[in-house]
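The following block contains the structure, expressed as structure tokens.
Order of writing sets the chain letters: A, B, C, D, E, F, G and H. Residues in each chain are counted from 1.
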Amino acid sequence: GYAKVDHHRSLRNGYPEVIYCEGKTKEQIAGIMEKLLEKNSNILGTRLDQQSYEYLKERFKDLEYHSMSRVMTLKVKEIEIKGKGEIAVVTAGTSDMYVAEEAAITAEFLGNKVIRIYDAGVAGIHRLLSKQDELRRCRVVIAVAGMEGALPSVLGGLVEVPVIAVPTSVGYGANFGGLSALLTMLNSCASGLSVVNIDNGFGAGYLASTINRL
Amino acid sequence: GYAKVDHHRSLRNGYPEVIYCEGKTKEQIAGIMEKLLEKNSNILGTRLDQQSYEYLKERFKDLEYHSMSRVMTLKVKEIEIKGKGEIAVVTAGTSDMYVAEEAAITAEFLGNKVIRIYDAGVAGIHRLLSKQDELRRCRVVIAVAGMEGALPSVLGGLVEVPVIAVPTSVGYGANFGGLSALLTMLNSCASGLSVVNIDNGFGAGYLASTINRL
Amino acid sequence: GYAKVDHHRSLRNGYPEVIYCEGKTKEQIAGIMEKLLEKNSNILGTRLDQQSYEYLKERFKDLEYHSMSRVMTLKVKEIEIKGKGEIAVVTAGTSDMYVAEEAAITAEFLGNKVIRIYDAGVAGIHRLLSKQDELRRCRVVIAVAGMEGALPSVLGGLVEVPVIAVPTSVGYGANFGGLSALLTMLNSCASGLSVVNIDNGFGAGYLASTINRL
Amino acid sequence: GYAKVDHHRSLRNGYPEVIYCEGKTKEQIAGIMEKLLEKNSNILGTRLDQQSYEYLKERFKDLEYHSMSRVMTLKVKEIEIKGKGEIAVVTAGTSDMYVAEEAAITAEFLGNKVIRIYDAGVAGIHRLLSKQDELRRCRVVIAVAGMEGALPSVLGGLVEVPVIAVPTSVGYGANFGGLSALLTMLNSCASGLSVVNIDNGFGAGYLASTINRL
Amino acid sequence: GYAKVDHHRSLRNGYPEVIYCEGKTKEQIAGIMEKLLEKNSNILGTRLDQQSYEYLKERFKDLEYHSMSRVMTLKVKEIEIKGKGEIAVVTAGTSDMYVAEEAAITAEFLGNKVIRIYDAGVAGIHRLLSKQDELRRCRVVIAVAGMEGALPSVLGGLVEVPVIAVPTSVGYGANFGGLSALLTMLNSCASGLSVVNIDNGFGAGYLASTINRL
Amino acid sequence: GYAKVDHHRSLRNGYPEVIYCEGKTKEQIAGIMEKLLEKNSNILGTRLDQQSYEYLKERFKDLEYHSMSRVMTLKVKEIEIKGKGEIAVVTAGTSDMYVAEEAAITAEFLGNKVIRIYDAGVAGIHRLLSKQDELRRCRVVIAVAGMEGALPSVLGGLVEVPVIAVPTSVGYGANFGGLSALLTMLNSCASGLSVVNIDNGFGAGYLASTINRL
Amino acid sequence: GYAKVDHHRSLRNGYPEVIYCEGKTKEQIAGIMEKLLEKNSNILGTRLDQQSYEYLKERFKDLEYHSMSRVMTLKVKEIEIKGKGEIAVVTAGTSDMYVAEEAAITAEFLGNKVIRIYDAGVAGIHRLLSKQDELRRCRVVIAVAGMEGALPSVLGGLVEVPVIAVPTSVGYGANFGGLSALLTMLNSCASGLSVVNIDNGFGAGYLASTINRL
Amino acid sequence: GYAKVDHHRSLRNGYPEVIYCEGKTKEQIAGIMEKLLEKNSNILGTRLDQQSYEYLKERFKDLEYHSMSRVMTLKVKEIEIKGKGEIAVVTAGTSDMYVAEEAAITAEFLGNKVIRIYDAGVAGIHRLLSKQDELRRCRVVIAVAGMEGALPSVLGGLVEVPVIAVPTSVGYGANFGGLSALLTMLNSCASGLSVVNIDNGFGAGYLASTINRL
């Protein structure tokens, strides 16, 4: 019974396949991968721990692992660029990079060009302002921030394209596991902004790709 | 001091002007409208109460008021269609319509064609399934729901375009003012979905328009 | 003092005996089992960890352990079918199976026939719709879901029998340990639906059995 | 657009029709009622305010209003008893009666015989114990309680049939609008118990009826 | 018993007197004022409603009322400037002005020069940047914001003096009565920043004055 | 600096001394104990972990350790009975015993006679009713319960002496670390009842002793 | 059905009778009072609104109403002093007096001598210290405080008798309806302290009386 | 990309540099330190774990580590006293010292003289009162407390200078990770008081230094 394929985050026709690895045994993941390879599909796996990766590495020799974001990718064919423009992924701090990389790798895997602007939080606003040209060139902006989560609000005022806000669980105390950043983003006064779940880099990358294909 | 124009959330060039009326006196709103009319701008006002509307109606004779959504519109020139496709606005129940109409009127005001599909909640899934053709024709979907807020998840699985989820405060008890629908939407397993604040029809309509212009 | 038998939640005449193992030492559990065996009773134990199981296995040779759901069963006599119809156990994702199996094994142990339908979440509604015949044949439905927890609402609309909703703690971020799924289920618009505690597969299986005996 | 029928809580074939009146205008309710009368259906309306009732009373002369529970009933034909046994509705205090009556009237309207046992809270346990014979005769028990919400736990230990727990918003301070009673009930150690939303007497009455028809 | 003077939060020697009017009857407030006038003290009253003001106005003819901030002031002698520098009071939106004015009037009443910079929220960052010279001239900055509450973080990065962050209850939905702005501010990455209670303009003005006298 | 004695919560004259061991190093605890022994005082230590105990055991040879409740006691002289009557310590389940024992040992250490009634939860009310004589003999009752925490309400109705309610963190899911039991107890309808912090057996035992000396 | 007596807060033999008036109609209260007068009992009613009082005043001519605490008392016979010592009722501010008076009147009605010490909050600690002699004379102390709720902690350190802490809902912002004071009191480091529900003056007065009779 | 310098908590010109070590690898920290040393800057690092310290110790031989507060300091030049007065750091208990030391070391590192007054909680008020002279000599007071967090309120009443309140996560049960102390402090009745994040000793020390330089 347990060995059957999980379509939880599986994508539609033309799209590569995605596996949400959290809560699956390494044997279950290997089983799913084998099924997908039969369809000659590129594979993206999120929330994969190091130990499972090492097990899988033995079986799938071209498997790549991005340890900061805990993402794995297996490419059996070239990724075709399908996005019409560029996607910016911006973070407030360096500690938000684990989520930003999940978003960026997802967007790239789905056929988009990605610009990374990291450590540009609002407490030092000039770092962000100096990147305005790059930002305005993009078709979608992903804004990743923990703690007070104010970055997407400022970004929303600087660009006229959609801003996808990703709260992270980075912080301590009254951060309450990312709640502070989440509420900040939901209450943003900036227009053209929407929010995904705390630490959900994958969801942001996927949505950005969906928009960028329109 | 208090009479000065509030540019809070004012929109960018080419866009009509928007006034957030909550917490402003009717005299303040009239003052802002006069300033905007000098620029020959169409005007959208959200969260306007009936009493303020009656005061404004005296002064601005073409003013229209949508009492369900508490939105006012003043058109000094034709609205130009700028969106590339259609935007669907879907609700779970009839009681969510006050938010859906805020979204729909905002999107129309910003130059988009809107399809309304109301009262299509998931506890009677066949109503939703019977609308699949209409839904698949759209370029963006806005999904509005209170109580358990499950509609966007199902919609996210039916369409391949971006879904903007809007939780409403409709419900009672463990609904906690819209928190239940908000959490449901943030935790959705469907891909291509993001969330705006509880009851924020304006934000959803604005974001849909931003995406539809890309 | 501490060694005495715990009748907390012990079941009534005619029913097999159940031990809630969490927070009990392996010696305490063994002691309770010996007392129950004197009464020639079948035994169900929930929330038993692997290590305690190994200790008990030495002492009770027919002991079976279901590692996914952490349930143990010891059968000294045949289980008699007492439920009048079938009970369906449905999950949204594969990661909810640990709770679903607790419910299913409990219901079977209490003398019911159980149908398992796993990984049928609402973001891919057609998987669920394809199971309608099986579902409509059942006398009670247990719906197990984490994350957004929308499954019971859709099920409640598809069947006319009681639906027991079980939120799971599966998810991350704004899931808050199962709170999102719990609130979703409590606010469901579907009729004929009620809710048990987060991850309480046992409670759902027991209640389904109680209903199925009526 | 707004005049169309709301199927939000509408019931299935053979069942009478139900209108959830909260958030609907009196004209909308009258419109729905007229549509239902064309089908010669008995009508139940919940959460109807006094003022709307007076408007409807003019139009539908046999309309009955239960002011404590804010329920209306319109009977165009005799209610047929379809439940196989009796349903007990028990409250902890007299102030919980507004919810209990919603449950009781719903169950009666759906063709069940109902026994009312009110003001039998656990701080005076002998009142409850003195009702054991009546309680044990029933096929389903609905337990309604606010404040600490302990009644369903005690009832769950006294009877062997399903107990439907309904938390009410009765109380003050750390009651947090019914949250205290809700959490108490979800955490109950008693078996055979499940929970509906705070103040959801209708849901409890409907579920009890669903079980009682099995 | 109830008529006695309330010294709760009364200020120390050299300082004018302050009355917290919420929860006091107009007669109680008048009684306290008479006692304070005997000491020839200037009087500040916060959270005074319009109706009580009208009653007091009859009795104390020089009484001034600031209706936006619900503050009253009664000056029997000139206010002496005791603060060593200027205090800036900055708001994100115009709707935050009711709190900002409470802070500004308090600071002025306690002998400080105040600079007001209103409607300079972060979603339009250039409004704030254009005020940098004024801001850098000040000895203390009070930053008042509702909704996402991001203003103090940006300000904290622009100035090197203490920033007192005041969350307001302005907003709706997931704003939860000011909780979103409060958490944002507590989690700020900017240094030199601290927070007072939601809507506590008085506390911010008083603290700014305390710092400005050092 | 860090080595100095911590008089935080130290008790008054005539009372033995108490050390709250959580967050103190084993060397700090030993240092405090040595200081107290110079005063020829009996010593009670709470929340002591096994490892620290083993270190202390080497140094203080008469030290006793109660591993279930993580309490240590060191008696240099006989404990004198100072309480005027008996104190009952009652638990709902066996898993609440770790808190109950902290309360019981504290009360005994402070010179009281204690009656233990364990595993008498309300889902099997007859176990509790069978103990009424014992309960009515006592001068103070401590009621310890996790999960739904209904025990103190029932006890409050059975006895006329003060009931001290102690919520425990026993449970899972919507128990939220003891919040459910805490809210239940604070909202109790029973008179003569008050509440201490979650898992605070020490506080309950100390208060019971304070009352029993009156 | 609805007219029957509510024993919700009714007291035991020898004790006068108590009616919890919230959520009861004035006719229901009158009915209960008549029943109690037949037993020649003194009557205490809590949470009675002004309008119901005026109705009852017509019927029961000796009825007294304490408008600040919304308590009514009807004395058909002298109140006998049964408490062995004095009870102190202390408040932090004058705005907490409505709860303190409920406690004090309850304690007096149950036969105790009460000392009132109002407006002695910890931000001006010398007011409290100056009352130490009075406080140390008492057998029980009730400490009533809103906002930060720190009073009971300080009192717990000053006296050796039981301290009953009553949080009030006085405050604004992050006070969250009394939650801040409630949590403060539950976490108090002072020994000999327990807590009742927010604004529950009655419960504190009743418990103090129970202790004072021991 | 990941190796670049994190300016998250970096300070302005003239100030020494600060590294927030949580969530950075030991190699990242070493890299940042090398960059800073090129500028001949003293270095402060907060939230550094023991293991990373040992790695860094090898590379930077003058590195000092304060294990209680998990702070590291590296001094390449003498610290110049820039603060105009003294800063008091006061704690309620010894277990709050880990936060207090972070504040104290930060303030000293930024050029201030610091007075430490530890274990002076309000449940034993005389310890605090005996320190009044020392406290009144200071220019800023930092008040650190967990559990009920009442210390800053009392301190605010004793001194006339700014009080910076730091809630700690010390405690258990209804302490909810420092929430109880945080709410207490935000709701304080004392004037001249503001609050930083739970456990944010660094922020308090930095702000105190900012004020002390004015």
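Criterion: a contact is a pair of C-beta atoms (placed from the backbone, for glycine too) under 8 Å apart; a residue touches a chain by one contact, two chains touch by 3 or more.
Computed from a prediction, not measured in an experiment: that's the story for all the values here.
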{"item": "Matching chain pair for A-B (criterion: over half of the contact pairs shared, by residue number), options D-F, A-E or C-D", "value": "C-D"}
{"item": "Winner on C-beta contact pairs when A-E is weighed against E-G", "value": "A-E"}
{"item": "Inter-chain centre distance, subunit C versus subunit G - centres from mean C-alpha coordinates, in Å", "value": "46"}
{"item": "Subunit A and subunit C, separation of their C-alpha mean positions in angstrom", "value": "35"}
{"item": "Averaged-CA centre spacing for the pair subunit H and subunit E, given as whole angstrom", "value": "27"}
{"item": "Junction residues of subunit C, two or more chains touched", "value": "8-9, 93, 121, 123-124, 173-176, 179, 182, 186-187, 189, 191, 197-198"}
{"item": "Contact pairs between chains, per stated definition", "value": "A-B, A-C, A-E, A-H, B-C, B-D, B-E, C-D, C-F, D-F, D-G, E-G, E-H, F-G, F-H, G-H"}
{"item": "Footprint of subunit B on subunit D - complex, ascending", "value": "1-2, 4, 6-8, 22-24, 28, 167, 169, 177-179, 182, 197-200"}
{"item": "Complex contacts: residues of subunit B adjacent to subunit A", "value": "8-9, 11-12, 84, 139, 160-162, 164, 182, 186-187, 189, 191-198, 203-204, 206-207, 210-211, 214"}
{"item": "Interface residues, subunit F side, partner subunit D - complex", "value": "92-93, 121-125, 129, 147-150, 153-154, 156-158, 171, 173-176, 179-181, 183-191"}
{"item": "Subunit D residues within the subunit G interface of the complex", "value": "68, 93-95, 97, 116, 118-119, 121, 123-124, 127, 170, 172-176"}
